[in-house]
Amino acid sequence: MFQFPIFFDVLSPRKSRACASVQSMQAQNPEFREYVRKIFESARFISHLGIELTDIEAGTCGTRLTVRAEHAQQDGVVHAGVIATMADHTAGGSAGTLLRKGQRVLSVEFKMNYLRPAAATELRCNGTVLKAGRTLTIAESEVFAIRNGESKLAAKGTFTLAVLDG
Amino acid sequence: MFQFPIFFDVLSPRKSRACASVQSMQAQNPEFREYVRKIFESARFISHLGIELTDIEAGTCGTRLTVRAEHAQQDGVVHAGVIATMADHTAGGSAGTLLRKGQRVLSVEFKMNYLRPAAATELRCNGTVLKAGRTLTIAESEVFAIRNGESKLAAKGTFTLAVLDG
Amino acid sequence: MFQFPIFFDVLSPRKSRACASVQSMQAQNPEFREYVRKIFESARFISHLGIELTDIEAGTCGTRLTVRAEHAQQDGVVHAGVIATMADHTAGGSAGTLLRKGQRVLSVEFKMNYLRPAAATELRCNGTVLKAGRTLTIAESEVFAIRNGESKLAAKGTFTLAVLDG
Amino acid sequence: MFQFPIFFDVLSPRKSRACASVQSMQAQNPEFREYVRKIFESARFISHLGIELTDIEAGTCGTRLTVRAEHAQQDGVVHAGVIATMADHTAGGSAGTLLRKGQRVLSVEFKMNYLRPAAATELRCNGTVLKAGRTLTIAESEVFAIRNGESKLAAKGTFTLAVLDG
């Protein structure tokens, strides 16, 4: 009698756990790709760091960064602030894909967990919307440290973004 | 030349995004199920609320709760504190599956996001370890609100747990 | 030429640091005390746990809890979920003091840090508004563990609350 | 009969609330100022952004940043990532003041709340240790946006740092 959509199959949590919160998302603005590109092009700090947009789909956003000497903290690995910046902007990009024309988002809070020191030559980040609401959007970002062809989850964050009209 | 494990395929983030951080986890203690059951049985507050263990695998833990009148907040939905308690203990249970014999975990911090008001007759929660370290384990919990055979992601949290010897 | 209000004296951070964010807050609803009392009386889970309101001022709220056996986790100290519930509801109470008549607040996310195991016979909690906005209020809660006449900061949390009309 | 230290006077929460968690902190390393200076000098990303150390005391740290065009996000205000970087490194500096010789700290997680858009010519940040533990230190940072001689709390964050030997 119970009919669960496949990704919410909580009655057999063993199988579905990791993807439990995945839903297909619908873009409201047909020009959402142009809009997200603009969020990246017009943010001076993002281009200054060298963060590049690689992927835009409804509900998700991908970015990459070639690690430079100036991104390092005292022990040589990438500074937590670089990773937080990348995670924040990529989460914002994913939220941006689901806005209506004329709306914008603003980070109101976020939380980062650093799982491993990011000793890397390149970072990759995936942002995914968990819930797109009328006034608030919740998104997650995962940041991967890449070195010698190996990719490791270095950090994960959760972001609350305010949806503003104009 | 590049060989990425399937769930870390960051070069094609489109496909792997939602499951990017899933890794198979190895239990260190052959009696991990008994240990996790004990964490639930001996925690008075958990049995007092009615939170029941439904699922234990290496790296994950599942729980359920039949919602009672006393779990409500002022507007009738389940209190954020009930949901946080369930998410915290289930994350702790998932962390417990990966401990060595004699170790235990203690929540040092967590962050909850409430995605929807939990108007529900039942809650289900899945806890998953993101990273099991020597001294710290990072885990996530997703809490689903179930009503009339429908299940919705109501809240998600991230937990940092200290791994203690004895 | 520079005129800093006393609690924002960032030019001499040494003196003002701990109190840097304190501002006097103005209640908008003359009946804010009645309103906050109602938030506590009508929340079943709060009275079920035994959390009592002790203090209501514009921008702040105080609560207490006599620790009972059923509040314990597996190692005998108060469960992290009890502390989170108290911190959440007290932060909500502090946010409630600054609402206009007819508004209410709802937790959208929070983050708790547990500084010490709460081995206590009584808990006390203070909630304080950091920023009361039009649509979001940010508040903090500090939870103190009291035993043998000694009081120790056991946990601290930060709360984002949505301000809803009606 | 009850003797509470002045800053932990929870029996009269009205008076002490804002400063409830302030404790005097004891440095363990007589050269803690040199050590913290080194954390700032050797972190390439920090000097690259222009973040300067202004204040070091046992348990606290102060920094400043002259805002430049490259710190901006798309809407012209300072990027959330710049503020997070400053808050993180200043919290780390405050934690560094209480280490024993040879120890270092590493951010394991943090949470930022953005209270107001940081339209500013200068940022000031104060980091304060909440709890210095054997393996984990909890610290807070407040970031102030300064413009036209006015200073406003723009963001506040909580940081968990691992204490590492060597």
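Per-chain numbering from 1; labels A, B, C and D assigned in written order.
What we mean here is this: a residue touches a chain if its C-beta (ideal position, glycine included) is under 8 Å from a C-beta of that chain, and two chains touch if they have at least 3 such contacts.
Please read these numbers as outputs of a predicted model, since none were measured by experiment.
Visitor: Tell me which has more C-beta contacts between its two chains, B-D or A-B.
Guide: A-B is joined by more C-beta pairs in contact.
Visitor: Would you identify the chain whose Cα-based centre sits farthest away from the centre of subunit C?
Guide: A
Visitor: With centres defined as the mean C-alpha position, give me the subunit A-subunit B separation in Å.
Guide: 22
Visitor: Quick check: how many Å separate the C-alpha centres of subunit B and subunit D?
Guide: 31
Visitor: Among all residues of subunit C, which ones touch two or more of the remaining chains?
Guide: Where subunit C meets two or more other chains at a single residue, that happens at 108-109, 111, 113, 138, 158, 160.
Visitor: Provide the residue numbers of subunit C that touch subunit A in the complex, in ascending order.
Guide: Touch list, subunit C to subunit A: 108-109, 111, 135-136, 138, 158, 160, 162.
Visitor: List the residues on subunit D that touch subunit C in their complex, please.
Guide: For subunit D paired with subunit C, touching residues are 1-4, 8, 10, 13-14, 17-22, 54-55, 57, 60, 62, 111, 113, 115-116, 124, 126, 128, 130-131, 138, 142, 144, 146, 149, 151-153, 156, 158, 160.
Visitor: Residue numbers of subunit D touching subunit A in their complex, please.
Guide: It comes out as residues 38-39, 42-46, 48, 69-75, 79-82, 84-86, 88-89, 104, 106-114, 117.
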